[in-house]
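Here the chain labels run A, B and C in written order, and each chain numbers its own residues starting at 1.
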Amino acid sequence: MKNRLPPRRKRGGEGLVTASPFLLPSLIGLLVFSLLPLIISGLISLTDWNGLDRLTDPDFLQDHFVGLANYKSILTTPEFWNTLGNTMEYIVLYIPLMLAASLLVAYLLSRPHRGIGAFRVVYYIPVLTSWVAASLIWKSVLAPQYGAMNGILAWFGIQGPGWLLDEAWAMPAIVLVSVWKDMGFFGLILLSGVVGINKTYYEAADIDGAGGWTKFTRITLPLLTPSIFYVVIVAMINGFQLFPQVMIMTGGGPNGATQVMVERIYQYGFRYYRMGYAAAFSWILFVIIMVFTAIQMKGQERWVHYDS
Amino acid sequence: MMKKSKLFSLIALLLTAVLLLSACGGNNTANNAGNGGNTAQNDTQGGDAAEPVTITYCNFNSSGGNEETLAKMVAAFETEYPNIKVEVETIGFDDYFTQMQTRVAGGTAPDCYELNIENFAAYANKGMLAEITGVDVSGLNDTALNAFKVDGKQYGLPESFSNVVLIYNKDLFDQAGVDYPTADWTQDDVQDAAEKIRALGDDIFGIWQPITYNEFFKVVAQYGGALLNEDKTAFTINSPENLEAATVLVDRVLESNVQPNAVQQGGMGDWDMFMSGRLGMIPTGIWAFQTFTDGCDFAWDIAVEPGSTQKATHFFSNCVVMNPETEHPEEVAAWLAWLASSTASADIRLEAGWDLPALKDLDALSSYLEVTPPDNREAVFESLDYLVMPPVIEDYALMSDIISQKLAAAAEGTITVQEALDQAQAECEAQIKLA
Amino acid sequence: MTAKKRVNTALFYAVAIALAVLAMVPFLWMIATSFKSRGALMSIPIEWLPKEPTWDAYIKVFSKFPFARTIANSLFISVSYTAITLFSASLAAFAFAKIRFFGGRLLLSVYLAMMMIPTQVTMIPLFVIMNKLGLTDTYASVIMPSIFRPFAVFLLVQQMRTIPNDFLDAARIDGAGIFQVYRKIALPLCIPSLATLSITTFMESWNDYLWPLLMLSDKNKMTLPIALSTLNGQYNTEYNVLMAGSLISMIPIIIIYVIAQKQFKNGMMAGGIKG
């Protein structure tokens, strides 16, 4: 196929009429299950709702309306900037590591070797493990004195850090565990991109005498960019919504080093009974994610290649 | 051109959503009719005795091992009250409150349910609970009853009850040549014993007492302090008494190191540490007895928690509450009162080795004393004389998180104890409005 | 050349096995823990393998709730959920990737934006909406949200965009209707992604816990994660029982995964014809 984008308005004539039957089911879902709750939560963010009073009371808004007070108070507390910083730290560490690990997984699984089917199952095991079980296990693996990790490091004469109990190491430790858990998932998504690549490209490269690495960087990587783009976006969104592993492994500690945004939202909404505040917090998070995704979307034109 | 079309579709979307929203908001007025505090008054309902009434009861306390015990209680209740049927829903502790809050807000809460002390105050203060009246609860422990009163109204009945005692490893005491703890031990005695036990080995520690809010409000009481002033209108977190108490706790980690720091603890659970024989003492709940009986291969016993200038012991209690919108307030009250205070329910509870019932009359509990270990089971009841009330305020969870966080920082040595209490005081004042 | 090949193969296995060990060790530990007695959980040094393996934890799990019924509920919900997701998302993705229409780019960004909502706060509004729709305590309340799964739409859009347009044009010129193009050409070319998607969707639905817990209060409709959550007590959790429960709940997902893998292989062949 030639590298030719279809003319922009090629199918413009078919337009909405053609598209609407395809879109209808998910549009209904969008309205009822996502947009509507989102708007309601936007309204809640303008109230001092405690999360217990009847949401459907007719005078709900009048009784509880506080305007932008929640937003103002969130943005002026150091806690918010702290948790934003921690969340960003996670994302900045997590995305490159996870991408490298899942590319490795995808690469290994795309090789025509014996026993690849078994590896495919094994690499996916961490994904299939529930966060509760995985977090508990890693907690004991990373235990400073009796844990397996520092035991192994000790063989090499390395004195391991306190991991989850050490302010500096707690977040990196959570990143490591998350990469372990997610590499199979993203690896598989990248793999489905890899196997979708037209074999003739590789055949042509073979004729030119290109080596494995050249083929990987010149053919596989560029043609994989749509999948990589998906992975980066999804990983980033998930990163901003980091929550269960933190809850179980550190509970936000030590000394607030792993307090992240969704954890705060959960605490405010469901433990401190400040649902209005929590809703405002999550709208701020929502906007932050949107800004970052929009930047990625704009940026994709430079490096993502569609239409082989 | 492009811009205009984008704007248009956005507006269309929003409009649809708002329409849907208003449709949702419209048809609910009927649901709120019953909202005006209908407590258990004496309706003339005697005549309906033939037709059984079904009430729903939601709980977390029976999860993780006592579902059958609760089922037995329900069966016994239904025999006694043939006109009432209780439908039980049991939910794991971790997300119980999330789901309960959602159901309360969504208007589908069960007729009656269970709450712990941490969440009770929020529900009661926000008007989510009905006052429980018309039933005899005089048999219940007064301290526990008071914990579930707001403005003199009984919004919850203490249904399960557990207190904290000092559990100690007899073998370690013998090895260190220290006398066993007694009911009149003070924190100084604990310190002495802990130091001698700590000297037994690098991996052996004198005591484990979590430096968190839950321990703190009790220990400050032992030093004559409190977190709030008498009428709960102001925080007194950084008072001199509290400082003394916090210093004792923190120094055990940082100074004498009779208590392991986080790294020494190595991520191991406190009970597990005790059961592995590496802890001399652990103040913990009586619900540990069964686990320790199964898990310890050394001799252990209990004593009343130590005091200092005065005695103060800890209790945990869950309560049962009534949904103000229930259609059967009388039946619900009957079930809740039976569950909390009847001897029949107490017997089933004790037989299963679940929590204690919160009864005044300890004779009902005599069978409880016969089980060993621990030999000194009487200490459980002696402790009841010194129960300290948790400072129940509306923002209980927020207050406890702030204090716990600051204490943890102090225990790690990142800030001084004085700073920790000052900061906790300032943050509580800034974030929590007291009545 | 063959020597080099052998080195490459050896290198491959070295890396692949190292990674496999990393992936498996915590899982194996899970299995080991599930066969431990409560006392063996906290021995020092760590007991890697239970000295006296016991079925206690499994017996406890199985005695807690009506197992067959719970599994059947979970299966029914997860299979329906996955089927609806695949259906609805692939339709939408086809429209976004291959039909130019008025407002398409904007609508796709709205879809994407919906992925970014933190669920904690839309939960109560959604609960209220479900009540209003009269769906409380029905399977539908748990299954229906599958109709809109932006993550799935996004994944398939990315995949369908790589299908050359000439392919679809050729089919249209041959007289195929737009639905036929979707069904006969776009879908088969997406089989690897659909397979991946079905695993992940099934898994998400299978493990989903909080939403079913909120919606389903009837014991007869209880799903596996809800049942397993009742193993947690207020003061204490028995890790061996928890691990046993988690392992049991993983078995169906592993089976589905292996089945989907077969599709995946078939998809590889289909991938060959592309372009």
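In the analysis below, contacts are C-beta pairs under 8 Å (C-beta built on N, C-alpha and C of every residue); 3 or more make two chains touch, one makes a residue touch a chain.
As the structure is a computational prediction, the values presented were derived from the model and not from experiment.
> For this structure, I'd like the pair of chains sharing the most C-beta contacts.
Maximum number of inter-chain contact pairs occurs for A-C.
> Going by average Cα coordinates, which chain is farthest removed from chain A?
Farthest chain from chain A, going by C-alpha centroids: B.
> When the C-alpha atoms of chain A and chain C are each averaged to a single point, how far apart are the two points in Å?
A distance of 15 Å separates the two centres.
> Taking each chain's centre as the mean position of its Cα atoms, how many Å separate chain A from chain B?
Inter-chain centre distance comes to 36 Å.
> Which parts of chain C, given as residue numbers and ranges, touch two or more other chains?
Residues 44, 102-103, 107, 110, 123-124, 128-129, 132.
> Which residue numbers or ranges of chain A touch two or more of the other chains?
Expected reply: 32, 35-36, 40, 51, 55-56, 140, 146, 270.
> Two or more other chains in contact with one residue: find those residues in chain B.
Correct list: 13, 24, 28, 98, 101, 105-107, 268.
> Show which residues of chain C lie in contact with chain B when the two form their complex.
38-39, 41-44, 64, 102-103, 106-107, 110, 123-124, 127-129, 131-132, 136, 209-210, 213-214, 217, 219, 226, 229-238
> Considering only the defined contacts, which chain B positions touch chain C in the complex?
So the residues of chain B in touch with chain C come to 5-6, 9-10, 13, 24, 27-28, 60-61, 63-65, 67, 89-95, 98-99, 101-103, 105-108, 116, 268-269, 271-273, 275-276, 285, 287, 291, 294-295, 318.
> Hey, which residues of chain C end up touching chain A in the complex?
8-9, 12-13, 15-16, 19-20, 22-27, 29-30, 33, 44-46, 87-89, 91-92, 94-95, 98-104, 107, 109-118, 120-126, 128-129, 132-133, 144-151, 153-155, 158-159, 161-162, 164-166, 178, 182, 189, 192-193, 195-196, 199-200, 203, 207, 225, 239, 242-243, 246, 249-250, 253-254, 257-258, 261, 264, 267-268, 271-272, 274-275
> Touching chain B in the complex: which residues of chain A?
31-32, 35-36, 39-40, 50-58, 139-140, 142-147, 162, 164-165, 253-256, 267, 270-273
> Along chain A, where are the residues that touch chain C in the complex?
1, 6, 8-12, 14-16, 18-19, 21-23, 25-26, 28-30, 32-38, 40-41, 44, 51, 55-56, 104-105, 108, 111, 113, 117, 119-130, 132-134, 136-138, 140-141, 146, 148, 180, 184-185, 188-189, 191-193, 195-200, 212, 223, 226-227, 229-230, 233-234, 237, 240-241, 261-262, 265-266, 269-270, 275, 278-279, 282, 285-286, 289-290, 293, 297, 306-308
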